[in-house]
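To start, the structure under review is shown below, and the notes come after it.
Chains here go by letter, A, B, C and D, matching the order in which they are written, and residues are numbered from 1 within each.
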Amino acid sequence: MPDTVLDVQNLSAGYGGIRVLHDISLKVKKGRVVAVLGTNGAGKTSLLRALSGLIAAEQGIIRLMQREITNIPAHKLPAAGMVHVPEGRHIFGTMTIRENLELGAFTVADARTRHERIDKVFEIFPILAERQGQDAHYLSGGQQQMLAIGRGLMAAPTLLLLDEPSMGLAPIMVKEIMVIIDRLRESGITILLVEQNSRVALRHADYGYLLELGRIVREGCAAELARDDSIVRTYLGEV
Amino acid sequence: MTILEVKQVSLRIGGLSVLTDVSFSLNKGAIHSLIGPNGAGKTSLFNCITGFYRPTAGAIRLDGTSLARVTPHRVVRLGLARTFQNIRLFKEMTVLENVMAGCHCRSEGSIVSALLRTRAHRREEESIREISRRWLDFVGLRAKEQRRAGDLPYGDRRRVEWARALASEPKLLMLDEPAAGLTHTEKAELIELLRRIRGQGTTILLIEHDMPLIMQVSDHVVVMDHGQKIADGEPAAVRRNPQVIEAYLGVEE
Amino acid sequence: MGFFLQQLMNGLILGSFYALIALGYTMVFGVLKLLNFAHGDIYMVGGFVGLLILKLGSSWLGSGWLGVVVALFGSAALVGALGMLIERVAYRPLRQAPRLSVLITALAASMVLNSAVLALTGGRPVAFPADLGFVGYDLGPIHISVIQMALLVSTLILMLVLELFVSRTQYGRAMRAVSYDMVASRLMGIDVSQIVSLTFFLGSALAAIGGVFAGSYYGSLHFFMGFIMGLKAFTAAVIGGIGSIPGAMLGGLTLGLLETFGSSIPFIGSEWRDVAVFGALIFFLVLKPTGILGKTMVERI
Amino acid sequence: MLGGSVLLAACVLPFVADPYVLEVATMALLYIVLCLGLNVVVGYAGLLDLGYAAFFAVGAYTTGILTSQFDWSFWATLPVAAVAAAVAGVVIGMPTLRLRSDYLAIVTLGFGEIIRLIARNLTITGGASGLYGIERPVLFGIRLDRNIDFYFMFLILVVLVIYVSDSLSHSRIGRAWLYVRFDEDAAAGIGINRVAVKLYAYIVGAVIASLAGTIFAVKMTAVSPESFTFSQSLAILLGVVLGGMGKIPGVILGAIAMTLLPELMRDAGIYRPLVTAVGLLVLMLFRPQGLWPDGRA
């Protein structure tokens, strides 16, 4: 299957002997937006951390574009084509917006390429261009999220892992971020979107997986999942 | 009867508004839950109540006593015990020694009495041991009291933390994600334990994500989103509240 | 007036030594949140390595300016590598260990360097045979030697280059990124271990340059010279705000000037000078731990 | 049982030993007291104190000044030395015990140097050359001036300090030290006043060092600032770390090792400190819990 960008088979992982992910298998096809849903503590963030090498996979195989990347060090992944935009944004607050973006392309040695990419990011997020010389911690929550995504784009990834981009944002800002996700998909970037906000995520995704207690309990195309009340049950308890 | 009153509490950290005007009160002898999506401000509120953060505005009262300007260790003395989200045991010490830590604020043995090995000192040491063992019995870990806490399996480590908190004889027990990482059986035991604690007259406040568990065990639920309280009431009512559903699932168009 | 200018000169020179060493403390602390106890000894070793190079090269290069410059660069490179080695051997295996163990290990590393030089030199001061002359200029009542000017100018240049490196290059930015958020840095493709090594290299190289300067300026070296210098440079770093590069420069110069002018006040006198310096250290750590330029660090639970 | 036999052997030793052995054994007892005292601070409460010799100096100078310049009896200086050390402990501890552990280490180092420099620069302490002619103690009309007398004085102090360490480590306050050492935030979260608890450790450690200092002063009949340098603090710390922080038998062995090793390594001469330093580094990398076997690290 040459059009599979990410292929995860039977992945288990955890922290210090406490297993939080059990036997996860999922696939992300080229050009798609795939959503991973679930409540807090379901293991969504741990899944992304395991994919990007921040926690060790105890079992299973992770393949990125046919190449096995299980347990390779996190810092080697951007060059391999996968970028993880972490939950809580983790921008470098005391550095300028422009410097944050430069760091997104840390592995790109050529300054001209970096500048071209910065210009592209500025096209997508004009507000960042306006404020490029300011320290990043002065940005609002939504703008910080834009910077985090923009910084991720600097590595020119094939696959973008987005962890709760809507977290803590006002509804209007959530909408804006989601429109950007649509645009990124149109430009050919594949996206694995982790969200608690399931209605929003499913409106913009092609396919979805539902996580509960570190296991995948349901999967299907987005429209189908959106109609399914198993999500409501998982989120708010038995009705 | 109110045990904890949170009144118009706001918290700003580095220019960012983390909590805005949060108010609610908890009744004595009930199980309460504090819920909300990630980043809603639950942990910040928890840290305000336990004295680790100082609210920018508002008042918090425990059984009538203001908690403003009270340091974390004094909060415990006043009758508010907590557990930590990521379990903070003294891993190198025994299970019993861990629980004995909970008795610290309810005992007063000094350096002098320890050096003179007075009768009162020996009696107090004995009673600390006895009380700690009683709580280990309560959570079902008595048989493992001499084990090193760090060597216990995960579920048992959580129990040690509960016993340690209970040993400080709290009026209000605040548990930060007690069900995280527990198996189904352990969760059922947790529910039973929570009810037994309530049975003793201790009030409980849970921060949890496990909705089935919350719905099953809570008498009262407080829901937060974006640093504000958005709902507050009986579990069934809260679950039907459209604002709550929106906070969790997003807006329906 | 002449006395004032003379003291100003002395204070600036002392201050630039402090600043050069304070930079290493500050950079390592910024990146690893580790107090590198061995740093003062790195400075001392830097002086001795420079001495060795000077002696070995004296037959071709002489022991004038050329010889000293070669000794400076040679010592910076070798001692920079030594700093990387120390991090690799002593600190890296303990990255997850309790802080108490790490501190004691750092102390042990310091003792190893110190006692190795003690063993090699027999504990006696060793002459540093740089032959730079006393040529200089008379500015009114005072005499400023070429070596004093060279010392000040090269310190300023080094700091400027470091500041440019840290603010303008990818590796410099990466250093700041790692000190701000290690996990996010890894996600950017930054190899954190490599950046830590780089930090140790730069910090140690600067300290080594300080050591060679000290040898050339004072004319001798001693195995114990790193202890007090380390403590004072750390004080300088704290005064300026630990973790901040401009802070290290500012703190170093401030401390140098305070010390020189302080000891000329009649009732204080030079015997109380060090008491005042350590008093300042304690004052800042207790009352203003962020220093003059440091950022507030919010410790979270 | 084992403790009893060791004590018996320690009581017999001075009657069979030659003067050199007696001298070394006396110094070993002094180091045992100092290491056990520092063990309360570092081993129990987890506070890295790099200026511990300062408290040793407080005791030595208090006794030295009071006996040589004010004609006090040695015995009367003991409570004064203890109180002076406790006050010094509070003065140093109060502002600094809130600091991060590495800042605390450097601040204690600074304080240690300050106290030494003060001793060096004041007239009452005899300046750089120190105090001479300190009066020997008199007990029931007998002047205690033989080496064996000081051996037994230190031995009594050792027994006392072991008793204190043991009693405290099995008490509420001793447990609180460990809680604070292993996880400060968790300790505060379950109702332990961390600053007060650390301060107690500091004071207990200070008083123990100070008492060792008083006997040291009358044994030597002279004290000078050079007995209280950073290297001295470091040697005491090494003894604690070598044997294993927090364990009384381990610390005693560590202290003995720190006294004997330099004697045994006389041939190594100038390489002695290097061997010690490399040894410590290797120990920290491969056996950070110390040489004494037992679980709690």
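The rule is short, and it goes like this: contacts are C-beta pairs under 8 Å (C-beta built on N, C-alpha and C of every residue); 3 or more make two chains touch, one makes a residue touch a chain.
All values reported here derive from a predicted model rather than from experimental measurement.
K.L.:
Touching both subunit A and subunit D, which chains are there?
P.N.:
Where subunit A and subunit D share a partner, that partner set is B, C.
K.L.:
Tell me which chain's centre, taken as the mean of its C-alpha atoms, is farthest from subunit C.
P.N.:
Centre of mass proxy via C-alpha means gives B as farthest from subunit C.
K.L.:
Whole-Å distance, subunit B centre to subunit D centre, using C-alpha means?
P.N.:
The computed centroid separation for subunit B versus subunit D comes out at 42 Å.
K.L.:
Counting only Cα atoms for the centres, state how far subunit B is from subunit C in Å.
P.N.:
48
K.L.:
Need the CA-centroid distance for the pair subunit A / subunit B, whole Å please.
P.N.:
33
K.L.:
So which bits of subunit B are touching at least two other chains?
P.N.:
14, 52
K.L.:
Among the residues of subunit D, which are close enough to touch at least two other chains?
P.N.:
185
K.L.:
Show me the residue ranges of subunit D that touch subunit C in the complex, using the header's touch definition.
P.N.:
Subunit D residues touching subunit C: 42, 46, 48, 50, 95-96, 99, 101-103, 105-107, 109-111, 113-114, 117-118, 120-121, 185, 230, 234, 237, 241, 270-271, 273-274, 276-278, 280-281, 283-285, 288.
K.L.:
Using the touch definition up top, name the residues of subunit A that touch subunit C in the complex.
P.N.:
Residue positions touching the partner: 52, 54, 73-79, 83-86, 90-95, 99, 102-104, 106-107, 109, 151, 155.
K.L.:
Touching subunit B in the complex: which residues of subunit D?
P.N.:
Touch list, subunit D to subunit B: 163-164, 167-168, 170-176, 178-179, 182-183, 185-194, 200, 204, 295-297.
K.L.:
Using the touch definition from the top, list the residues of subunit B that touch subunit A in their complex.
P.N.:
Those in contact with subunit A are residues 14, 16, 37-40, 154, 177, 180-181, 209-212, 214-216, 226, 235, 239, 244-245, 248-253.
K.L.:
Under the touch definition given earlier, write down the residues of subunit A that touch subunit B in their complex.
P.N.:
17-18, 20, 39-42, 87-88, 137, 141, 164, 166-168, 170-171, 174, 196-201, 203, 231-232, 234-239
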